[in-house]
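Below are structures written as structure tokens.
Paired with subunit B in one complex and with subunit C in the other, subunit A is shared by the two complexes that follow.
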Partner chain A sequence: MAINFEQVNFSYGQGKLAQPVLKDISASMPSGEITAIVGQTGSGKSTLVQHINGLLKPDSGRVVINDFVLTSQTKEKDLVKLRAQVGMVFQFPENQLFAETVLADVAYGPVNFGMGKEAAQAAAKKALQTVGIPEDIWDKSPFALSGGQMRRVAIAGVLATDPEIVVMDEPVAGLDPKGQADLLNLIENLKGQGKTIVLITHQMEQVAALADWVVVLHHGEVAAAENPLALFNRPLDWYQEVGIDLPRPAQFAEDLHQGGWPLGQRPLTVKALASQINQEVWGDE
Partner chain B sequence: MNKIVIGRYLPGDGWVYRLDPRTKILITFIYVLALVFTNNWVPYVWATAFLILVLALTKQPLALYWSGLKPILWLIIFTVVLQIFFTPGSPVLWHWGFLRVTTPGVVNAVYVVIRFVLIILMSTVLTLTTPPTSIATALESLLGPLKKVRVPVAELALMLSIALRFVPLLLDETQKIMNAQKSRGMSFSSGGPIKRAKAVIPMLVPLFVGALQRALDLANAMEVRGFQDANQRTHYRVLKYGHEDYQAAAVTAVFVVVFALLVLHFG
Partner chain C sequence: MDAIKIDNLAYHYEDQAPLFKNFNLTIQAGDWVALVGHNGSGKSTLAKLILGLLERDDGKITVYDLPLTEENLGKAREKMGMVFQNPDNQFVGATVADDVAFGLENQQVPSQDMPAKIEAALKTVGMAAFADREPHYLSGGQKQRVALASVLALQPKIIILDEATAMLDPQGRAAVLQTLKDLKKAYGDQLTLIMITHDMDEASLADRVVVLDDGKLVLDGTPAEVFEAGDQKLKDLGLGLPFSVQVSQALKVQPPHYLNQQELLQWLLTLNK
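For the complex of A and B:
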């Protein structure tokens, strides 16, 4: 297991003003796979993932990330080791751009983690190619780019350090359909390179299409941790309770079911839905 | 960051919360002004009693005010040291070189501490029980007469409330950018002073870019909704004195009269 939360508790603030956000969280995110974190706004998703690179430390319990153990006692200077292994793409990561050129911005992380100038440049170029930023804008100011390009440059800035684990907090929010598709493709490619991906998302179609494993948070507790097929075949009122939707193909099948056309297991993708309908209409081929 | 009590608004339902912000500003002003006029313990006891009444009426725990005083403890100690060692007069209790401790020095130091604590606590009550935007509106109303001499009070108040509105946003933004750059290996705690100073750039540039962008967005949002002139505007929250304000005025009047008599009698 790449990432293991063991009875993690966390509150913002102290004493009387303390607001518990994570309550006794135990969950795993398997190595080399894509784990989706879902749940309503305020369920603790962002707080949870900020434990993966030690931006937040648990009040009690521990988080094991590969061979790094994070507890309330972990010292600030040890966290650099952890952060070199974990890339963190925040919501709207384009807000973190600062350097004079695209290339310099992307090379910022590698330099911080101790790479020489040459090596950092090479890593930055490789990352820019990975996210599909054409070479002729590498020397431009990052603030002169379009929104979608800025997003990709920011993501390159995280990937340039070649982290084993990549955490992304709603990476496609605000992108156009093409941008979204490109980014989801990139995530699959990263998985293909053997990286462990943790993805916060509100779009269940993405969960169904991409994720190998899903952790559902509800009011700071783990409501479910299972594969997408199991997750989207729960009784209907459960989704209402934790505040998530079914992916559209599954919802379509559910609507058919309620109209008197039971299809068996709810499908996760349009393809699976189509083949189930085919089977129902034409029988086995 | 969330330990600071001075200057922070904390929602509550105490009696003080129901007062008009103008009342609170005026009472705080009068109180602070009154304290300047005395150097005797009797009026101070009376002023302390008044403060305790006010604190009780906020219905906030006393521990909160205590934690609010802690950050300025060093300032108080510093002032006390200055007062004790550098006040001339007699009798001299102790001296070493140019340092000497005199009886008036010690007495002064005690009064300075009391005055300091009372003023800080009273102002804390004002900011703790009044949302910043209400303070801005109240200032606009109180400074209203200055409009006659062409002081752009309404614009100033608007600027003040916009600035106040941006404070939590910018704090939030700072935290986010800091997290993002920390994740990319930024460290404030290693390297020499130049390296550390340089580490601030990746924080400041995005912060300024974001703040400017927000300011432009806000200006646009105001313009498309027809904003032209702050003077002609009415307010969403209309300030109105209620019966609590008259009660507060009465209590304060009693305080001031007794305080004045005590000052006249004891000095």
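For the complex of A and C:
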């Protein structure tokens, strides 16, 4: 089980005005793991992930999501089955909060998927526990919460339907460092529960820390699909070409290398960078 | 010269405990100040109080010797400009140039003077080539630079940026930060920058770092002072530390004092000669 894109093409608009956004995309996102989708603004990341829950359908080629096959011919009514498996967290999801209480907001999804009121409440409570929203604010207005809390309530709304696959578009953007750390922990926990995570991000430090697999898009094509270690040990000019950065520790090691230091494998964390420096300067193991 | 002087400020949101109580802060003209704190620490509220967008309960705010009162509000605001977090929420014009013109019209700048002012402002932020484009088609970083140009065209003495880079990708963020550095260089003492952020690497670009927690000023000094003496405090507040400090702290022998990233690089290269 996994998500497989097979020769997917997609354009916005039709005929002469068609703007190809995805070009012959073939890529896998393994089950039970965290896949990061990276690439410059406009490279097709959001368009790509919107195929995972059938918000968009390929013009040609197919996307296989577990046992569901999505093609240009897939009927709207069949998409319900897909959407029960795939939870989608859009950018700034807190903008979509609407209900009077936190609990009602989170329970809205399960009710919509046909769950009874009591079962939906129970599912909502479980989801709120998962994202770490304390019980004493379940009856508060979601709009009275902090930015980080609002974000987690919105994510709980997606988790309440218990999707197998969770897709997140820049989930930590705009949060303060504490809010970011909490959310990254949550993503790790979701993986621990066996969920498949697909995550769009611009921050390569997050990719290094979190992702098992990375798909790099460039002008609507797959520029790389590999693990972070392989991705961040490519030749330098490649990053320039596809418009992504190295994680800061790796870039710093490169800067030292420019200054004449030897360079082994690029360090992906501060700890790895420091131990390389310690060894170089003080001969410390 | 004080750009902003805040004395004994008090403020509370309706039905909530006081956020600011006897709060004092003075910002010198020409300073580049980073105002940092976690979500809800009061930094955006403080900006709104300075701009007179919120009404304080008590205390005094002075902008270039002009007390912020109902009568003075218009005059005081002419000295200040603000760039907000969301690049999509601050456009009114059909083209980039129109957008910059909007603010000038509001200030009743004669129309024959406008084109030159618009061009100069867009040039300063490196967006002159985009004057006739629709803002809608710009990247986030470009939009924020246009927002900055719209503010600059009004020749403010103070610019407040409220997490202006938080929604940008790394390239957009780097471009905005570079623009700020260029502005500081070009305007010197004539421009005071107040940058609200929770990114410590961004804060380390400023001359002065002011840390807020629940409406209280908990740290205040140069980046060196704040990151040297306040590292535990910053960790406790969940704000983290700049990259160079994280690396320095993990070294077997630590540098004698705070080094920014460039300085740390130089220090290590010299050590190993």
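Here is the rule we use: the second predicted complex is superposed on the first by the 276 of 285 C-alpha atoms of A that agree within 3 Å, B and C clash if a C-alpha of one lies under 4 Å from a C-alpha of the other, contacts with A are read in each partner's own complex, and residues count from 1 in each chain.
Here, a contact is a pair of C-beta atoms (placed from the backbone, for glycine too) under 8 Å apart; a residue touches a chain by one contact, two chains touch by 3 or more.
No experiment lies behind these values; they were computed from the predicted model shown.
**Student:** Touch check for A:282: first (subunit B), second (subunit C), both, or neither?
**Tutor:** second
**Student:** Contact-wise, after the overlay, does A:157 reach subunit B, subunit C, both or neither (first, second, both, neither)?
**Tutor:** first
**Student:** So, A:72: does it touch subunit B (first), subunit C (second), both, or neither?
**Tutor:** neither
**Student:** Have a look at where A:179 lands relative to subunit B and subunit C in the superposition and call it first, second, both or neither.
**Tutor:** second
**Student:** Identify the partner contact of A:248: answer first if only subunit B is touched, second if only subunit C is, both if each is, neither if none is.
**Tutor:** Only subunit C; A:248 stays clear of subunit B.
**Student:** Under the stated touch criterion, which partner chain does A:227 make contact with: subunit B (first), subunit C (second), both, or neither?
**Tutor:** Neither subunit B nor subunit C is touched by A:227.
**Student:** Quick check on the superposed pair: does A:90 touch subunit B, subunit C, both, or neither? Answer first, second, both or neither.
**Tutor:** The answer is first: A:90 touches subunit B but not subunit C.
**Student:** Counting only touches as set out at the top, which of subunit B and subunit C does A:26 meet: first, second, both, neither?
**Tutor:** In the superposed model, A:26 contacts neither subunit B nor subunit C.
**Student:** Where on subunit A does subunit C make contact in their complex?
**Tutor:** 40-42, 146-148, 173-179, 181, 202-203, 243, 245, 248-249, 252, 255-256, 259-261, 270-271, 273-275, 277-278, 280-282, 284
**Student:** State the interface residues of subunit C toward subunit A in the complex, per the touch definition above.
**Tutor:** 38-40, 85, 139-140, 163, 166-167, 169-172, 198-200, 238-240, 243, 246-247, 250-253, 261, 265, 268-269, 271-272
**Student:** In the complex, go through subunit B and note every residue touching subunit A.
**Tutor:** Of all residues in subunit B, those touching subunit A are 2, 61, 173, 176-177, 179-187, 189-190, 201-203, 205-206, 209-210.
**Student:** Using the touch definition up top, name the residues of subunit A that touch subunit B in the complex.
**Tutor:** Against subunit B, the touching part of subunit A is residues 13, 16-17, 50, 53, 55, 76-77, 80, 83-84, 86-88, 90, 93, 95-99, 108-109, 111-113, 143, 157-158, 161.
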